[in-house]
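What follows is chain A paired twice: with chain B in the first complex and chain C in the second.
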Partner chain A sequence: MELSELLQFAVAGLKNGSVYALVALGFTIVFASTGVINFAQGEFYMLGGMLSVFALQALGFPLVLAVVAGVLATTAIGVVFELLAIRPRKDGDPLALIIITVGGSILLQSLTRHALGPDELPFPAFTPGPSILVAGAAIERQTLWMWALTAAAVVALTVLYRRTAFGKAMRACAIDRDGARLMGVDTRMMVTASFGLAAMLGALAGIATTPLTQTAFNVGARVGLKGFAAAILGGLGNPVGAVIGGLLLGLIESLSVAFLSSTYKDVIALVVLLLVLFVRPQGILGRREREKV
Partner chain B sequence: MRRPAVRLMSYGIPVLLVMVAPLLVEDRFVLKVLTFVGINALVVVGLALLFGYAGQVSLGHAGFVGLGAYTSAYATVRLGWPWLGGMAAAALVASLGGLLLALPSLRLRGHYLAMATLGFGEIMFIAFVEAESLTGGVDGFTGIQFASVAGFDFRTPAQNYWLVWGVTLLAAAVAYNIVRLRPGRAMRALHGSELGARACGVDIVRLKVQVFVLSAALAGLAGALYAHLVGFISPSIFTLHFSVILLAMTVLGGTNSIAGPVVAASLLTLLPYVDAVLPGVPESVASFLSDWETDIYGLAIIVVMLFAPGGVAGLLRRAGVRRTRVEKGREAA
Partner chain C sequence: MRMRLGVVCVAVASLVVAGISGCAADGENGAGSAEEPIKIGAILSETGSYAGLGESEINAIQLEVDAINEAGGVNGREIQVIIEDDGTDEARAVAAATKLIDQDEVVAILGATGTGQTMAVRNEVRRAGIPLVSMAGGSVITDDFDPLVFQTPWPNRLVVPYILDVMAEQGWTEVALITDAGGYGKDGRDVILGAVDEAGATIVADETFNPGDTDMSAQLTKIRAAEPDAILMWTAGSEAVTIAKNRVQLGIDMPLVGGPGIARREFAEGAGGDAEGVILAAGKILLPETYGEDTEAYQVVTDFIGRYEERFGEQPDIFAGHAYDALHLTVEALKRLPAEFTSEALRDEIEATEGFVGMDGTFTFSADDHNGLTEDDLFTYRISGGDWVALDE
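Right, the complex of A and B next:
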């Protein structure tokens, strides 16, 4: 295989990988604050795309505004979902919360189908134009947008977590919920915020991808699954791990298409997921934890 | 009334009703729907053990149903095995799949199994579509014969109804006995505190894996029954959507109960056919219900987990407790 061809596969891998990274970050943020795997994470990805398309086509918003509106509306849905469906379950039993997110996932999906229809919907590229050639590999302009948005999201999250009182409170809450509460952190508020943040990241990934792939009410589950595989690969609960896991998973997927076959492309992520669970469940960056009574 | 008598009646009467239903129902379509109810109930018996007693959820049981269906179809049609051989193969292959999945994910604390099963269901769906030489691909697998044991063919809807519900009630009885005896107590302990159960000498990983494998085997059996009943299977049946519906039935049925989930499975399966089952319900209600089925399931899952975590079984139990209290009060007086 020629180098340019290999590079082309790497570009494709990093393109999908940036989506997985954003979705994985969403999983990680909610897991850190609640200890729960949020099965509705993929639906936030779907809603970001679908609501932006709706804002553009039905409401006639200009493109930039449609994107912003789609992301903000999804964030609001994430917050409302937490307030209505997660917060009332006061004991925070993980099994119950997981099942609630499963219910929320199919509810969001099905409501979207009723509200916006069952069809695949397109969204124009953010900046139209021919692909850019780098060392013989063509990079679509939209792919650059996806990378830029992912990078921006990671930088913004880092600033939020390191520099702001709010972000520090979220981290404290993730380390020790009771300890954070004793220090005056409103932990319930932090859980709500984590759902909003996870929804925002998912929506961002969703709308950034839609110009290349189109979107529909049922695209969430598969992306959610891959984002979760990425989060496990990097170490669940670790934001840096989520990004690395996402990009790595994208590369693995793309290279397996290059060297094996494309028939079972969607199976690779799941095989990676099961392998990591089997061999190194704490992920690449995770540390083994011991359970105390 | 003494307790054993109450128990005998509360189980005996529904079982009797289920078994005589084909004599009361003349409509062949309704009987077919009721047979599908039995197939779903069989899967849900396994899921009830998994969720209600072992505290785990599966989002991939449609994959096991499909695995069983395709295994039995392949064994009987392509390899010429008898029906019973196909059923055994279906249960065996589904169990092996379950073992393969449960070993890595159940070694860990937490709820990795749920996500792993979701992935498994997707893998199976892709495999059913892509492995055309085995499964017939998107066009599906046709020409599967009715069940037949030692020369007797199950041809009429009533015969198939009895076959399916016979297997389902048998599985429910086995499950009921499992939860009453030592494994059941161990599972309840596990539900309360994993660490506590472990300290008391319960090998929790082994137990969870066993329950999961059993639930996979029952799903495989249900799939095989379905394949021979309908004669045709295709990948579009064994989707994530089906897995979620099965989970909804289990969750709505409630924890620590086999009967609750079976009742919930029956009611939810009948929901889109309400016009055929209940006389006087207009067709528009049924078509509305089947259009909004998924929304209703999603909402119902959330509402039950928030406000009635015991599900149907919990409500029944509470009613039962109230009744016995009243009776005791009378006896005291």
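Right, the complex of A and C next:
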């Protein structure tokens, strides 16, 4: 195999991987603050695309504004979802909350189908033009946008977590909820914020991908599944792990197309996931759960 | 796994129901006063991943039911089509069939939208002994023959040899395949692999993708390395757009060819300039002029297109056509029957359809052909300016 081809497979893998990474970050952020897997995460991805398309087509927003509106509206939906569905369940029973997120996922999908229709909708490329050739491998301009947005999200999250009091409070909440509350952190507020952040990241991934794929009311579930796998692979609750897990999952998929079979790429990716979990049950960067006696 | 579970569910459900109802199903269907409408069931994917198809089908059926009733109905009786949503789910399709058969006591069922759902409801249909007219394109629906099941779209076994011949005429014999791992694409791939030898073609690359995949550039990179004359893509999903876009971005200039699954506005327009030049085979509804303007088919098709546009503000797609045909094939058979008829007589009468001019072509059923279309009902298109034109135009 030529080097340029290998590079092309790597580009494809990292492109999908950056989407998985953003969705995985959403899973990880909510998990860190609540201990819950948010199965509505894929719907935030879907809403990001659908609402941006709606803003562009029906409301006539210019492209940049449509993207911003789509992402902000999805963020707001994430916050409202937490306030209406998660917060009322005061005991925070993880099992109940997970079922609530499953219900929320179905609800968001059905509402979107009835409000915006069942058809696939297109969105123009952020910056149209031919792809850029790097050592014989073609990189789409939209792919560069996807990478840039992923990188920006990671940098912004790092700054938020490390430099701001708000971010530190979120981290404190993730490390020890009761301890954080005793120190005066509004933990319920942190949970709401984590849903908003997760929705924002999902929406970013959704709208960055839409110019390449179109979007529809039902695109969330599969991407959600991949993002979930990536979050597990990287180590649930660890943001850096989520990004590494996402990129790795994308690469494994594209390399299995290159060297094995496109039919079994998902199977191969899942087998790798299982093998990693067999050796490191906590994921690549996850903290080992200590038995508390 | 999911399919197997579905099959088990169907099996269990039908066993249970068959046990309860015994042989009560074989009653008279036509009985009733002249005021009572004739009830026909329809199982369509209003939600779920085939919702885009189901919506067109529902539109077409509502439009045509109104038209038929305004024109006096069937032998003086109105028809009523009871539409059930299957959510693009086999188990829900079976539940819908049970409801239509046992509660509504319909004389026939139209649908389902998808191949999987159609196959799933066959047991229920068999139990009741009523005809099923499917709008799904999988070859298996009429290949795995059931005397009660009819099919309106062009099955893969009809389209695949046709498009392979078109490709051979262009001199494209080294073919790269990219197919959907889901039902329609898999059915198409099986038919293609069985038909290439006869068409004098060879498959130089055989790639698949899963429904919902967001990037095909890895598969296309592999295809490019195999240096085919053309790429044959078989899918009914929105992933076709991704393939068309990835292909252009990777600088792949070999022709991209497909079947009726991509004869959708969402593809021709949604892929923007990247669908330009894509070649596809589908029925003549996309370009009624190909029939010749003095033909009956031209009249029938343009009349439907005009009425559909007037009511829904958009052109009907091929799925609307499949639904039109399923409804009218059933209604035409009903018209030929006396006021009192049995399910068996209705089935026989549908099978006796000869030369019915519909949206997908001219249907002539026989005891072993329940699709009834021929290669004459197909046409080769090229996408140009987001629209369909004849290949050689």
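In the analysis below, the second predicted complex is superposed on the first by the 277 of 293 C-alpha atoms of A that agree within 3 Å, B and C clash if a C-alpha of one lies under 4 Å from a C-alpha of the other, contacts with A are read in each partner's own complex, and residues count from 1 in each chain.
Keep this in mind: a contact is a pair of C-beta atoms (placed from the backbone, for glycine too) under 8 Å apart; a residue touches a chain by one contact, two chains touch by 3 or more.
Predicted model, so just to flag it, every value in this text is computed and none were measured.
Undergrad: Identify the partner contact of A:Ser110: answer first if only chain B is touched, second if only chain C is, both if each is, neither if none is.
TA: It touches chain B and chain C both.
Undergrad: Once the shared chain is lined up, is A:Glu43 touching chain B (first), chain C (second), both, or neither of them?
TA: neither
Undergrad: Answer with first, second, both or neither: which of chain B and chain C does A:Leu274 touch in the superposed model?
TA: Touch partner of A:Leu274: chain B, not chain C.
Undergrad: Which holds for A:Ala138: it touches chain B only (first), chain C only (second), both, or neither?
TA: second
Undergrad: Looking at A:Glu82 after the superposition, I want to know if it touches chain B, chain C, both of them or none. Which is it: first, second, both, neither?
TA: neither
Undergrad: Figure out whether A:Gln8 sits in contact with chain B (first) or chain C (second), or with both, or with neither.
TA: second
Undergrad: Quick check for you: in the superposed arrangement, does A:Arg222 touch first (chain B), second (chain C), both or neither?
TA: After superposing on A, A:Arg222 lies in contact with both chain B and chain C.
Undergrad: Under the contact rule defined above, give the chain A residues that sit at the interface with chain B and also at the interface with chain C.
TA: 110, 221-222, 263, 266
Undergrad: Using the touch definition up top, name the residues of chain A that touch chain B in the complex.
TA: Counting only chain A, the residues touching chain B are 35-37, 39, 85, 88-89, 94-96, 98-100, 102-111, 114, 221-222, 225, 228-229, 232, 263-264, 266-267, 269-270, 273-274, 277-278, 281, 291, 293.
Undergrad: Quick one: in the complex, what on chain C touches chain A?
TA: 46-49, 51-52, 54-55, 181, 207-212, 214-215, 217-219, 221-222, 225, 238-239, 241-242, 245-246, 249-251, 266, 269-272
Undergrad: If you look only at chain A, which of its residues touch chain C in the complex?
TA: 1, 5, 8-9, 11-13, 15-16, 19, 110, 113, 117-122, 124, 130-131, 138, 140, 209, 212-214, 216-219, 221-223, 253-254, 257-258, 262-263, 265-266
Undergrad: Write out the stretch or stretches of chain B touching chain A in their complex.
TA: 55, 57, 59, 101, 103-105, 107-112, 114-116, 118-120, 122-123, 126-127, 130, 195, 240-241, 244, 247-248, 251, 292, 294-295, 297-302, 305-306, 309
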